[in-house]
Structures are given as structure tokens and as C-alpha cells.
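Scroll down for the structure; my scribbles are underneath it.
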Amino acid sequence: GCSINANSSDDTSSEVDTKVEEKEIIKIGTTGFFKDIVQEAKKDFESTSGYELEVIVFDDNVTPNIALDEGSIDVNFYQHVPFLDAFNKERGTNLVKYGEKGIACTYGIYSSKLKSLEEIPNGAKIGIANDSSNRTRGLRFLESNGFIKIKDGVDLPTKLDVIENPKNLDLIEIDGPKLISSMEDVDAVVGYGIYMLLSGKDPKSAIIFDNEEDTKRYADVIVLREDNKNVEWVKHLEAALTNEKMRKYMDEELEGAYIPAY
Amino acid sequence: MDNNLTILNSIIWPELLKTFYMVFFSTFFSTIFGFMIAIVLSITRKDGLNPNETIYKVLNTLINVIRSFPFIILMVAIIPLTRALVGTSIGPKAAIVPLTVVVSPFIARLIESSLNEVDKGLIEAAKSFGASNLQIVFKVMIKESIPLIISSITLAIISIIGFSSMAGALGAGGLGAVALTYGYQSFNTTIMYGTVVVIIFIVQIVQATGNFLYRKLK
Amino acid sequence: MDNNLTILNSIIWPELLKTFYMVFFSTFFSTIFGFMIAIVLSITRKDGLNPNETIYKVLNTLINVIRSFPFIILMVAIIPLTRALVGTSIGPKAAIVPLTVVVSPFIARLIESSLNEVDKGLIEAAKSFGASNLQIVFKVMIKESIPLIISSITLAIISIIGFSSMAGALGAGGLGAVALTYGYQSFNTTIMYGTVVVIIFIVQIVQATGNFLYRKLK
Amino acid sequence: MIESINLQKSFGNTQVFKDINLKIEEGDIYGLVGRSGAGKSTFLRCINGLEKYDSGSLMIDGIEVRDYYNKGIREFRKNIGMIFQHFSLMNRKTVYENIALPMECWKYNKKDIDKRVKELLELVGLEEKMNDKPKILSGGQKQRVAIARALALNPKILLCDEATSALDPKTTSSILKLLRDINEKLGITIVVVTHQMSVIREICTKVGILEHGELLTKGDVEDIFLQQPQSLINLLGEEENSILPSKGKNIRMFYRKEDIATNIISRMARKSDVDFSIVWGKLEKYRDGVLGSIVINTEEENVGIITDYLTTLGIKWRLIDNGQ
Amino acid sequence: MIESINLQKSFGNTQVFKDINLKIEEGDIYGLVGRSGAGKSTFLRCINGLEKYDSGSLMIDGIEVRDYYNKGIREFRKNIGMIFQHFSLMNRKTVYENIALPMECWKYNKKDIDKRVKELLELVGLEEKMNDKPKILSGGQKQRVAIARALALNPKILLCDEATSALDPKTTSSILKLLRDINEKLGITIVVVTHQMSVIREICTKVGILEHGELLTKGDVEDIFLQQPQSLINLLGEEENSILPSKGKNIRMFYRKEDIATNIISRMARKSDVDFSIVWGKLEKYRDGVLGSIVINTEEENVGIITDYLTTLGIKWRLIDNGQ
């Protein structure tokens, strides 16, 4: 299949007289986190926009942007703004977020051993995600809670950018979903509520949650190529992703893991 | 649970087809390339039919370079190539390119060692009636080591099935990717193990076919 | 850039050590297990020294089951085992377990096909003076196929290096994981290609050593 | 010692053994000959159980070979050395290690192994090649390693499948002498498969000719060679016919050991007073003497005189049909 | 045709060829004999360039073998068939395909290949085994496949390395007849390496004995066998000595082709009027007749009479030292 740009106009092929034209396809890239939500929005989008939505699930946080940039997909929905900015800056791309609305994920420190922040001992083992987008969030979270200090001016910090670590925390980078199964092996993990929810644990059991402002700041947004930023259909997409129905879906099905940022 | 089974049911078929598609074509191409590389390697190696240290070293290094890349990095690094070849960098079709790139050297190595095992006496016999180097390779060395090559390709196909699960990074789908994104990342054990069971079946079939051919050809 | 190089410098050593650690021990264990499995397979196969369909089928299936798991799923699936063996499910030590589990069947298959290639005449000769099955395996089959086995283990070590980069998922670190998380994920090409270059060196050394031993033993 | 009764074996549709009956006594050196593809190697392989037979009985020391599978096939084989037609040497072991292997498998101690290997190396004349791999050996050298290996465990039965085919005559003699020595000194039983009739003559006590899956002709070596049964002629071809003179008559007379030194020819020449030429002869060395036949050519009218003379001396003769 | 001058070759420290000089004319059937490990196979392999020589010259048709490497070694080898000592058959090809392979490599068309293969199969008597793999063939059957393959391309030179060692006497004869036929009809040159002296006698025109890296003894087959030079004795061993009667004297007399039918023995018996026995004999078939030696035993006092008589007849003789 081709993207919408490629075959939207000037189609003078023999199909011209076929009245029942195939619906044009919008390709949206997403990742494991948001595939259910995008699927949920698909129906609304298709009925309001008249396009068909093809959902492509990437098992990686970088490739959806690469695919978008090169035109293999038309839009993606999986990343937060800090990550988008870093991507644009580092790879010299011009991807833009659409609108101000998004969906945020609850975030916090979970532990099967400790009950409060104070109990975190010196030299504690803390699991953080190993992908850049979520590691960034984890480190920043630890920073805002006063555990560490990160070098200035780093967009996507890593362990190496930690310049102060008074409690001598042992930060261990672990694959996101695997954080949950590692909880027994570390003192605490910094991660998403959704993981707790999906693995049958209570997403609300965090020792401490990210503050609301940061949660919103890390809300995930619709991203387009710049030359596409004014297309018509994206409005419908935004609507479908951020309507009341979606709010209800998140409340009921994904309780405590996603927060509408709209 | 019941719901999960329904989901599983509804995705297994299309994803199975994608897996087949990726595995089939990458096996096809990487076998061809693997053979070509292996042949050049075994001709140009020190005790080969036409030793050529430069060619051998270049190819040998190239293979090692490719095999040194973590697969995901390789996939991304060769996106320009992928796009040039298949017009897109995502989807099952695009996945064929990195799968081929990563498995070709693997097959090449396996075939190379199979070819090296061929009895030197046979090669001499072929030389004695004036067979050309290529004839020696095709009519003697490959022919004689076919059983071992069959085992190697069987091994490679199963590796391709393994690698194809990582092709999820290219949005290629397939059973492995589903097992990861819908199963593992979603903590959905029904889907996770359900798809793995299907993969087990495929692997069993591939292996049984390989063993059968091996025994047949031995 | 300069800054990146400094970073690169500061992490290469410790991560290289972790890679060595993981690769060394998983090679060690998976070679042992691979050998054991291969020996049992080749003894119990249809035309083996002591055919036993049940044992062969069970082992054969087990291998295929393990090889069917996408590596990351396997890592998660065997966490209880890992924890039981090394006391934790994260870190380089923990990574050795899934690496061994995934590579043992791979080595087993390679060694199995090497053993199957041994001239039946030699096995008969050994039988003729009353060698026991185990003696035939160790003193004849393995001895005769050592060069091919060396190639196989070389191939396996390089595969382990590849798999070890995925062991980053267990917080095991190592060069591959650094290439992925600090390089690829963080769009830091210096670190990404810097570490890959180091991996290339390691792979080259492994391959050269393998080739050398092969030639020596051939 | 080795006895086969109605032994049958087929490979797929082709029956190799129709009905083999033979008996090899302890201490025999039994020669087994037959055309290429007759089943000689297969028979040897049945003896030590490397090949299974379909029906009939094959007994070693009174026990059915197939029963050994359950009671100690290893011990059984330990006592049966075999020299393989294609040598079957380990390519990756040195000559020394190849010869040592059987002893290693039977856990001999290092010193004993070393002693025995060196002894064997000397016996087959390969001391210098001790540390070489078989790959670089000449054909005959490989064969000698195979011989040494088969002897390593001092077997009670030795199966030799073309054990000297790649050896020069002198080396062959010395190997044959060796085989005969161990046969005599240690009383081991030897089964010799060969295409070299000289080997049969030199060391075998008995010989059997395998033809069409059966072993119809068998007996003492000298008898068989003297009698020249059809199956022997089938095997050897009647080569001489083509070069016997076509003039006159050709008479083949058979010598026995005891006739050798009795001046038959010279006395006959004088007594019968007829001229004749010796046109063909095979006086060959057997285990313990010379034995063979001579073809004399003479004018037609002398035939009666000569044959009468031979008959009175008790010497076997036969008129050769020279196809005219 | 094939000429080697001061040919030298070493493997590591062991010198295989010290100084080989030989000349094989077109149409010769040249026999190369020597002890196991003497370097016969190596010499053959030098002829078709499978092995390189160190120094000296080896020329085929006037061109140095090592020069062929640059100008068409393939064409060169096409004209040189080789039967390998270890057969070197492709295990995974059938008998038919093995024989067809050389022709396939030279892009003969299918029909021609089929015709030629069937012809060759008949020649070596393997029509029935056409579709079998070498693995299940008997030793001699494998060897016959190797022979057929070497003949497939109608080579101008045929190198036979122990080409009949695994064959029964009759099959050997028929193969030798075949070799001689193609030698005579097509004029091809054949180099025969063998340990079977009967093979040398039956088909070779010339023979060379390779000893200690040199080829000092060479010449017409009959001459060499009659003269029994030391190097031949080294090769064959003087086997008969041990079984000659120790009583009396043993005289070896040499027959030449032309002496065969001249009633020597009978006439001598009557003329000299002394008794003697024929105690040993080797009257053997050569290419074109019978040739050989007979040992007669007689009382000491008769020796003079007999030897005088032989001398007058121009027959060579030699008194054998029976070591007393």
C-alpha cells in the first residue's frame, strides 16, 4: 500500500469509472503502550473522517518516527513531547505534534518491599526502563524527587548524565515490561502504572506518583510530518483519540493507568 | 480469558501469513546470498581452489561486521537500502531486507564449513578430469555436502523465525512480534504463549522436514 | 562529539568486561550442554548407536520449543529458573542463564550435524574392536569432527555476542546493550557505532581464532 | 569355531547369501575367495556382527552371533580383530594413536599400550611414520596401520578383508609370515578374504569359493587348486588356453608335494623317448612345499605314451581341449 | 610423451624423489613398481599436476607440466585419465552419475553421455548397479566405477594407481584386456602402478622399479624379469630359496619366449642321461607368450653335465646358492 500523499490525486488509472472507490487509507504508527487505545479510536475516526485507519504496531520507540519521517506512515501516536524534541534535534527531522491534547500515563515508584520513599536505603537497587523515552522520564522523576541530579541541557539523559547521587542508588536499566517481574530482585522500580495494571497488580499502589504537571508534560501526542500538519483528517483523529468515549474507556478498562490530558 | 482466546484466534491467521511471508522470502534470498558468499569464501580461502587472500579477507570481515551489529541497529542502519529495494522501510516486505542481510552471513558461514569438509580426494578426482573450479564447487563440493547444507538451512530457517520476531521494530507484525507486543508487553499470557505454541508448531515442522530431507539425501 | 567520545571511553571498559563475562560463561555452559544434548541426540537417532525414538523425540521437541521462543519472552519465561540458579533475575550473572538456555540447543544442533557426518566406516571399525558407545562418541565421532565442531562453536560464540545485546533487557549491560540504549535509543551515533566497532573487533578475533584452530586441527 | 548353516541374507531385493554352509575350525587359516561383489566382505561383517543376517545360523564358539547382542557384544568383538577393506582409519589420529585406540578402549595402562604399539609398528615397518596422520600415508602404509590395529588386542579370531591388496610383494610376504606365525604360536583362527591366489596358497589351510550366494566348493587348499573345480576356473579364468601352442597336444599334469623331487620329467623323457616341451607351468609355493601343474606339449602320436606313463606313476593328468 | 629428468620432490624433510629419470613413449604401457611408500602414487600425481615437484623437469608432449598451469591445465588434464588408488568416488552420486561426471563437465550432450556411460558400464560389468550409490558397492565394484570414470573422456594418457587391486582374477583379466585393447586400438599411453607382478607381465611393455627415490632399474618387462636385478629381488623377496630342496644342487634356468616350444627339458633328459627334478617354476604369461624360469634339482655330480648342455643351447642358467 501507498501512503495517502502518494495516491490521493491525479489518479487517472483505469479505476476511474469504478464508482465504488476504495477508501483511502491512513497509516498510523504506534507501540505496545497505545495499540489498544488507537484501536479503540479507530471506529470513531473512520466513521467521522471517511478514511480507513491502518494501525501499525512497532516494537520499538525509534522506528515509528523514522517511518513517519520517510513517509512510510502518515502519523504516529506513541511519544511524549520531550522525546519528540530530542528526536528532531538529534536526527535533524521536522516532525511536529498536532494540537495540545494527549494521553498521559501514570508514573510512579513501585516496590514489593518498601512502603515509603524514606525507606529507600542507601545503595538501593532501583529499576528504570531501558528505552530512552521512558528512561528519561524515570531519571527526571527521580531528580524531581531529590534522589539524583542530572547534568544540565541533556535531552534524553542516561545513567551517565547523573552528576549527583547522594544515596548512591544503583540504577539498573531493564526492559519496560520486565521491570514488573524484576520487582523481587530490586528494591524499587520506577515505571508506568499500566505495567502494574496489565500484570494484574494495582497501578495505584505506587509509593509516590509523578506530579500532575509532569504527568501532563509527558503526555503522549499525535505527531505528523511538518508538510502534513494541516491535513483535514488529523482533526478527526485527534477527536477520536480525545473524546469522552475514550475518557470513559480509559476509566473503565485501564483504570489508574492512563489519564486524559485534555 | 475467553476474550483473550478470541483475540488470539482472530490474529493468528493474518500474523501467521506475515510470518510465512517474511520467513519464506528471507530464507529464499539469504540462501542464495549465503551460497554465493560461501562459494567465494571456500574458493578463495588459503587451501581453496583459487586462493585469494584479499577477497577472502574482505568478505570475511564484511560478514563479521554484519554479524556484529545488534539486529535492531542493523535494521535501522540499512533503512536506506531497504527503501531503495522495496520502496518502504516498514511492514513485512521491508523486514525481508534486514532479515536477509543478517541471515545471509550466517548461512554463508554454515555452508562454508560444510564445503570445507568435503574430502580433498574428491576434489582432486574432479581436477583430474579437468573440471573447472565452478564445476568442482557445484558438481562436487555442494553435491557432496548437501545433507549438511540441508541441516544448516534448517537451522537458519529457525533462526530466521527467531529474528522475524524482532522485525516488529519495523512494524512488520508476524507471530513473534505479536507475542512480544500483544503478549509480553501487554502481560497477556494467553496471547504470549498461544503464539509461541504456534511458532513451536512451525519450528517442529521445519525441523522435521529438514531431518526428513537429510535422511533422504544422506 | 568530543563529549560523546569521553563518554564512550568511560563506558567501554566496564561494559566490555560485562560482555566478556556473559559471553565467556554462556559459551562455557552452552558448549557443555550443547555437547551433552548432541551426544544423546546422535546416539538415540534412528541410525544412531542405540536408537531410542522416545528419548530422541523428547529432546528434539524440547530443543525446538526453546528455539521457538522470541529471546526476550524466553528470558521472562525462565525467570523462576534464573532466580533459582543465580539468586536474581537481573544483571550480567542472571543473563548467563537465558543465554545458555537459548544457545545450548543451537550448539546442540550444530554439533549433532557434525557428529552425523562422521564416516560410518570409522564407527564400524571402532565397534569391531569392541569400543563402547560412549567411547565411540568421544574417541571417534567427536575426535573426527573436531574441526567442524570448532567452526560451530565459533559461530555460536558470535551468536552469543549477538544475543547478549538483547540481554540488556535484564539490566545486564554489556557492549550490545550500551549500543542499543545509549547509542541507538539516545540517538547518539558516536556511542552506537563506537560500541559496534568494538564488537566487530571482538567478533573478528573470535572468528580468526576459530579459523586458526580449524586449520590447525584439520 | 565358526560355523554357518543355511545362512541367508538379502540387501533389498538382491540376495547375497542364498545358503551358506561352512565350518572353520579353531586354528584354521581359512581363505574365502569369490568374484567381486560375491559377498565376501558381507560375510566377514556378519561374523563380528557388524551386519545382520536374515535367517539361518552363524555360530561362533557354539553361540549364535545374534545372541551376542544381548550378552556382551563388546567382549565378543574384543576377541575378533578385523582388517577392513577400506582401512577405516581415524583421520585425526596419528598412526600411533590409531593403533593404540583399541587398547585405550579396553583401558590398558599407558605403558602396556606404548610397548604393544611400538612392537606392532616394528612388525609392520612403520616406526618412522608413527606420528603422521593417515592422510599423508601411502596406500600400503595405511593398510599396514589397519593391520597393526587389528592385531592390537591379540584377538582369537582375525578377519582379514583384502589385507594385503595394497602391499608390495615383499611386504605382503612379511605380513603373511606374521599371520602364519601368530596362527601357529597363538593358535588364532584367521579368515582371509583376498583376490590374490598367492596369498591363499601361502598361508591358508582351507579355502572356500563363494559363488552365487553359495559356498559349494570348499576344502583343503592344495586339493582345490589341484582339482581346479569349475568354480575356481570361473574365478581365475582359464588364462593359459589362449597361449598354449595350437600345434600338437597339450597335457596338463598335476604335481603333488610328494611328486616334486622324484625326477618325473627327466625320467619320463628318457623312458618314453618322446619329445615334449614344457609350455606352461604353475609350480607354486604353498604353505609347506611346492605344488602345481605343468602343461607339456607334444606331438599327437606321443600322447598315449606319455599319459600311460603318467598313469602308471599315479600322476594326475588331463588332456587340454585346445579348441581346434 | 612423458619424460622426467632429475625430478626431485620432498614432503617436509623426507625426500620422496631423489632423482627420477624416465621416458615413456607414446603407446607404451609402462609399469611402475616399488615398495609401499616408494612414491609411485606421488609420481602419478605429478604427471597430471595434482602434486607439484620441487626441481628437475617433467614434460608431457614436450611441455613442462608446471607450465600447463598457465596455459590450460583443464584441457591438459582432460587428456589424462586417472584411476585413483582410493577410488575417490562421489558418495552422493549414483554409479551412472559418477561415470557421467567428467563428460558433464565437458558439456557433452545428454545423449552422447548416456551412450558412453552405458558402454562403460557394460565394459566393467556394472549395468545392474547403475543406480546404486558407491556406499553400498563392494570394494571391487567401486574400483570398476573408478576405472569407467577414468576412461570416460577417452584420454590420451591413462594413469592407473593400483587399478585392479580389489578385483578378482577374472575381472582383473578382463580389465587388463580392456586396457590393452584401448592401448592398441587408440594408441593411448598407459602408466600402471601396481603391486601385482602378474599385471605388469600381462600388459606392460616396459617397467621401472622405484627404489630409494630413484628409478635405476628400468627396461623391457621380459628383460627385467629374466635378469632378476637386485632391485626386483628387493621388491619380490627371494621367496623360493626357503623351499628348494637342500639335497643336491639347484640350477635355475631361464626360458625365453623362443625357447618355450623347443623340448629343452625332454631332450636334455635324454641327451645328458642324468636325473633331475623340476622343483620350482615360474612359467608365466606375458603380453605375447610364456616366459620364465625353472629350477631343477639334481645330484651334485650332474651339475657340470647339465650346465654344459644348457650353455651349448644358449640357455641362461644360474646355480643357486642354497645357503648350506
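Note that the chains are named A, B, C, D and E in the order they appear, and that numbering of residues resets to 1 at the start of each chain.
In this section, a residue touches a chain if its C-beta (ideal position, glycine included) is under 8 Å from a C-beta of that chain, and two chains touch if they have at least 3 such contacts.
All values reported here derive from a predicted model rather than from experimental measurement.
*Asks:* Which neighbours does subunit A have in common with subunit B?
*Replies:* C
*Asks:* Using the contact definition given at the top, which chains are in touch with both subunit B and subunit C?
*Replies:* Both-contact set = A.
*Asks:* Taking the mean of the C-alpha atoms as each chain's centre, how many Å separate subunit C from subunit D?
*Replies:* The answer is 53 Å.
*Asks:* Taking each chain's centre as the mean position of its Cα atoms, how many Å separate subunit B from subunit D?
*Replies:* Using C-alpha averages as centres, the distance is 55 Å.
*Asks:* Indicate the whole-number Å distance between the mean C-alpha point of subunit A and the mean C-alpha point of subunit C.
*Replies:* Taking the average C-alpha coordinate of subunit A and of subunit C, the gap between them is 35 Å.
*Asks:* Mark out which residues of subunit D touch at least two other chains, giving numbers and ranges.
*Replies:* If we look for residues of subunit D contacting two or more partner chains, we find 86.
*Asks:* Hunt down the residues of subunit A that sit against at least two other chains at once, touch-wise.
*Replies:* Correct list: 62, 177.
*Asks:* Can you list every residue of subunit B that touches 2 or more other chains, as numbers and ranges?
*Replies:* Those would be 72, 76, 147, 166, 180, 184.
*Asks:* Could you run through all the chain pairs that touch each other?
*Replies:* Contact pairs between chains: A-B, A-C, B-C, B-E, C-D, D-E.
*Asks:* In the complex formed with subunit B, which residues of subunit E make contact?
*Replies:* 45, 48, 50, 73-78, 80-82, 84, 86, 88-93, 101-102, 104-106, 149-150, 152-153
*Asks:* Within their complex, state which residues of subunit B touch subunit E.
*Replies:* Within the complex, subunit B contacts subunit E at residues 119, 121-122, 124-132, 135, 139-140, 143-144, 146-147, 217.
*Asks:* What residues of subunit A sit close enough to touch subunit C in their complex?
*Replies:* It is residues 61-62, 86-87, 90-91, 127, 130-133, 135, 156, 158, 160, 172-175, 177-178, 181-182, 184-186 of subunit A that touch subunit C.
*Asks:* Touching subunit B in the complex: which residues of subunit C?
*Replies:* Result: residues 46-47, 60-61, 64-65, 67-73, 76, 106, 109-110, 113, 116-117, 147-148, 151-152, 155, 158, 161-162, 165-166, 176, 179-180, 183-184, 192, 196, 199-200, 202-204, 207, 214-215, 218 of subunit C touch subunit B.
*Asks:* Which residues, counting only subunit D, touch subunit E once they are in their complex?
*Replies:* For subunit D paired with subunit E, touching residues are 11, 33-41, 85-86, 136-141, 143-144, 161-162, 165-173, 195-197, 234-237, 239-240, 243, 245, 247, 260-270, 273-283, 285, 289-290, 292, 294, 297.
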